[in-house]
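Working notes, structure below.
A, B, C, D and E are the chain letters, set down in written order, and residue numbers restart from 1 in every chain.
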Amino acid sequence: MPEAPQTLDGWYVLHDFRTLDVKAWQSASAAERTEAWDSLEELLLQYDAINSTSQGSFGFYQMAGHKADVLFLHFRPTVAELIDVKTKLQKTSMAPYLQSPYSYVSVVELGGYLAKPGVDVETDEYLQSRLKPRIPEMDQICFYPMSKRRDGQDNWYMLPTEDRAKLMRSHGMIGRTYAEKVKQIISGSMGLDDWEWGVTLFAHDPLEFKKIVQEMRFDEVSARFADFGVFLVGCRVKVEDAKRSWDIL
Amino acid sequence: MPEAPQTLDGWYVLHDFRTLDVKAWQSASAAERTEAWDSLEELLLQYDAINSTSQGSFGFYQMAGHKADVLFLHFRPTVAELIDVKTKLQKTSMAPYLQSPYSYVSVVELGGYLAKPGVDVETDEYLQSRLKPRIPEMDQICFYPMSKRRDGQDNWYMLPTEDRAKLMRSHGMIGRTYAEKVKQIISGSMGLDDWEWGVTLFAHDPLEFKKIVQEMRFDEVSARFADFGVFLVGCRVKVEDAKRSWDIL
Amino acid sequence: MPEAPQTLDGWYVLHDFRTLDVKAWQSASAAERTEAWDSLEELLLQYDAINSTSQGSFGFYQMAGHKADVLFLHFRPTVAELIDVKTKLQKTSMAPYLQSPYSYVSVVELGGYLAKPGVDVETDEYLQSRLKPRIPEMDQICFYPMSKRRDGQDNWYMLPTEDRAKLMRSHGMIGRTYAEKVKQIISGSMGLDDWEWGVTLFAHDPLEFKKIVQEMRFDEVSARFADFGVFLVGCRVKVEDAKRSWDIL
Amino acid sequence: MPEAPQTLDGWYVLHDFRTLDVKAWQSASAAERTEAWDSLEELLLQYDAINSTSQGSFGFYQMAGHKADVLFLHFRPTVAELIDVKTKLQKTSMAPYLQSPYSYVSVVELGGYLAKPGVDVETDEYLQSRLKPRIPEMDQICFYPMSKRRDGQDNWYMLPTEDRAKLMRSHGMIGRTYAEKVKQIISGSMGLDDWEWGVTLFAHDPLEFKKIVQEMRFDEVSARFADFGVFLVGCRVKVEDAKRSWDIL
Amino acid sequence: MPEAPQTLDGWYVLHDFRTLDVKAWQSASAAERTEAWDSLEELLLQYDAINSTSQGSFGFYQMAGHKADVLFLHFRPTVAELIDVKTKLQKTSMAPYLQSPYSYVSVVELGGYLAKPGVDVETDEYLQSRLKPRIPEMDQICFYPMSKRRDGQDNWYMLPTEDRAKLMRSHGMIGRTYAEKVKQIISGSMGLDDWEWGVTLFAHDPLEFKKIVQEMRFDEVSARFADFGVFLVGCRVKVEDAKRSWDIL
């Protein structure tokens, strides 16, 4: 039996995608809409406040296409807190106008090999900054879930440990060539959600999402062993600009 | 033809997942919401009372992500009772605010080999405690359905009996190393629901769900022979704390 | 080309699964609910009356889980009558409270080999009783659709006729060992609905559904050649007890 | 590269399946229902009038099961007209009570080999009658979409031209043995809808649908190379009898 | 590892498909409908104005079948603008009557080999006209998403670079034979949406969509390596004729 790789696990992650129910929204009175918006804005500020603590991160995004209009992206130390931030949104006056087409529950994951001998994961600054990540200051976001394939000859989990390590190394090399252009947060979701990982990419230029995904697809790890779920792409909205940016009033 | 393994079967299980219809809930008057909540609380107490009998078990959970907000977890001696507990919920004043995105019907299953010669399953305390399980006193829950694969060379049901037994033994060993951290209830659902088994895991730390699922995925039984459905994760709510914990009012 | 097996075909079958729209139901006034229920009860009596003729059969069941709350099970001589019984339900005052999550259209099917030389299918009592079946006096029901697989080496329809016959014989043997515990009605649905067959099982003990399905899954016919759709399980409601049994008022 | 077969293409086809929204229908006043029905009846007459021209065909059917209640079947010379007949239905007072669970867009297709040398397709009576078909005077209808498989060794589009021709010839022979009992219209939908073909069968006895589909499934063309979508079955309603036949008032 | 091909990337594309909510539309008063239509017409004019600039393209289409009633087709320089055009539509008085069954986000893509040595992509007129395309003056449109297959022996991304190049060359030859009849815009969507490419075809005669798709399906690139999503077909509506063409009032 191949050995399961060690992982380092950080904050839990909730990708909470929402669409605006336009019919309900436009039926609401101006007063109701203002109240709804104010309650959302207040919650956004409350969510955002976590960014000035070491207890979590939060980002707000507008999404392209019909699959989602906005994304509330939460990093928190526990699953209970992910439930709490969802419940808080459900309780705002904005919630009746927001539908929940998709979400993703996962936990930030790093390769265990990063914990070099002698390094204390709990105090190592570099590891802690990756396990408990800040939202990158980049305006474009891309999210997709994925699993490693277990299909006849193309079964990742039946490969010898060395083969997997070698393949991952070459895969990581591609990622590294994009290090300046694309920041990526990998979060594991086995036992937590329907796919094995969530991938969240950040960039200044969304074309870099296409380039890195395409280049990796020719890499054997993806070519032979990756199955992908939905892809969603969007742009960051600074909480203080939310009203102006997500221009729905 | 490989021989079908004997199983021991216990209580029937209903995983009854629900989401709150936020739009309907917020449109309700305070009085309607109070009445709805009171009717739910009364039913929760009624469900919970089964825990002090030997006629079933009940647990209530809040779930992460958009797939479900709460889980009503019922163990009962008959399918008719599973229908009855569903109907009881449908009749509360809370029911119009609860949607039914998912459920799972199964029956607690143990390997027949556990019934050692001379053991009377009906009176053996250990077997009875596993066939008619109490809800573990652990705060975190994970549920997923699964089937064994029947795909070309990877066909579990075409393996010789000894090969299956050997593979399951090594699989069980992984489970055992998690015995303190993860309690699992396996329930069979062939002929009862869409997958072959339901797996319900309980832990103090949800990271253990990820660890056990990941470690098992490298085991040949899962790597070559397991197909998985949705994964749902959540936190226990004590019935007496329901109003405070599931904070929707 | 392998030869297509002859079949004997009997009554057409409609499995008409419904869920109760709890929100609409609870919004209705007591008078509306009474009227709705009365109209359903009247139709149930009308459906049920067919059981005392030789023109069809009818059974009413409550189902477990979220996929369906009730099943109206109709056997009738023509497709036109299946449309008619559906339309009759749609016209009751109960219909606005019933959603149609699933249904299945098929025709009772027996192996052609049962028509032994010299036997007149149209008058043979045994064959007629199986082609035009009465609803078994057993309280538990299980339904699932299935197809034979056509996948690479596992292609049922490319097997030589003798191989298929031999495999089906051993498969039938399993069914026969359950003859007392499980009554099964196989209905063909090629050209009529999305899978190739519907399987309807009846038993006194629902555990027998799990046992027969599990035992058959290790048989090569299922192990290599069967694909399954949804599984639904429930309990019979005698029409005279409907109001008390399906306790929704 | 195998050569793509020549086809002869005739009228475009819209299979427009609808279900009745029973809740909305029963909430409507008698006057609203009468107005709705009258508007539908007027449109049915207008649709039907095409049958006495050479500009198209139209048939109206009631369907079995929950997937559809009725089918509006249109043959027209252009895609623009298919859009027009849809829009016309949307504008009737009946439209708010009709949901659109499924439709299919295709174009009548004949094998190019039917255009024998010296034959002018545009004036040949036989070919024209098949390319611009009248609705057969048969009461039962069956529709399903399908594609040819492209899967490993079972890849229709990689077969040498002669092999495909030979396989299709034997396939056509089965169809011919049903010529009296089953009329079939094959319409191509590559580039037009989600499958490669739509198959519409007409018969006096719906059992013939099951028989022809089953017999063909054992033919290599279907056994190894066919993937099927949904199957829908129903009964013709003469436009003058629509009110009495589709008995929803 | 095979080398990832270079691409040239142009404008971002949003295929925004909508269906009319007939029930809501017919419940609206004449005044509400007029206001809704006027707001849509004003936005159509605003969308259309981009065609007289070099900042984007826009086309409006009516679609056949139930999957969509209209398509708003946008080409814009940034993802942020794709979000903006969606938001603008959501804010019109027409939006509450329009549902969003499907959309597609991608970016116009050309083979990198087109950038011959010495050519400056940013100024080359031919390349610029293809990267920032005008809407072709052809009345018929077809859209479908697709991916290259990664399945056992049929894994496009594991082919040697030369094999891919050779296969694509022969594939391109087919496209070229249709150059007069079918204009195609290929847009890449790796990292942007659920499939790898979107294909948008334009023609005077919709039969050409069927012909080119069918001919290509016999080409090895499609036969062995292409997976297809939904297919949608429709007809152009000139913005000045929208009211008359999309005849819903």
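Just so it is clear, a contact is a pair of C-beta atoms (placed from the backbone, for glycine too) under 8 Å apart; a residue touches a chain by one contact, two chains touch by 3 or more.
What you are looking at is a predicted structure, and each value in this text was computed from that prediction instead of being measured.
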item	value
Self-contact between copies chain C and chain D, residue sets same or different by half	different
Copy-to-copy rotation for chain D and chain E - C-alpha atoms, rounded to a multiple of 5°	70
Centroid spacing, where centroids are CA-atom means, of chain B and chain E in whole angstrom	45
Approximate Å spacing (C-alpha centroids) for the pair chain A, chain E	28
For chain A, residues contacting two or more additional chains	152
Pairwise touch network: line, ring, star, complete, or other	ring
Cyclic chain order - from chain A, heading first toward chain E	A, E, D, C, B
Chain C contact footprint on chain B (complex, rising order)	1-4, 7, 9, 12, 14, 16-17, 21, 24, 78-80, 82-83, 86-87, 90-91, 93, 95-98, 100-105, 107, 150, 152, 155, 157-158, 188-194, 196
Touching residues (chain side chain C, partner chain B) in the complex	19-20, 22-23, 26-27, 62-67, 69, 140, 142, 144, 151-154, 170, 201, 206-207, 209-215, 217-220, 222-224, 230-231, 233-235, 246-248
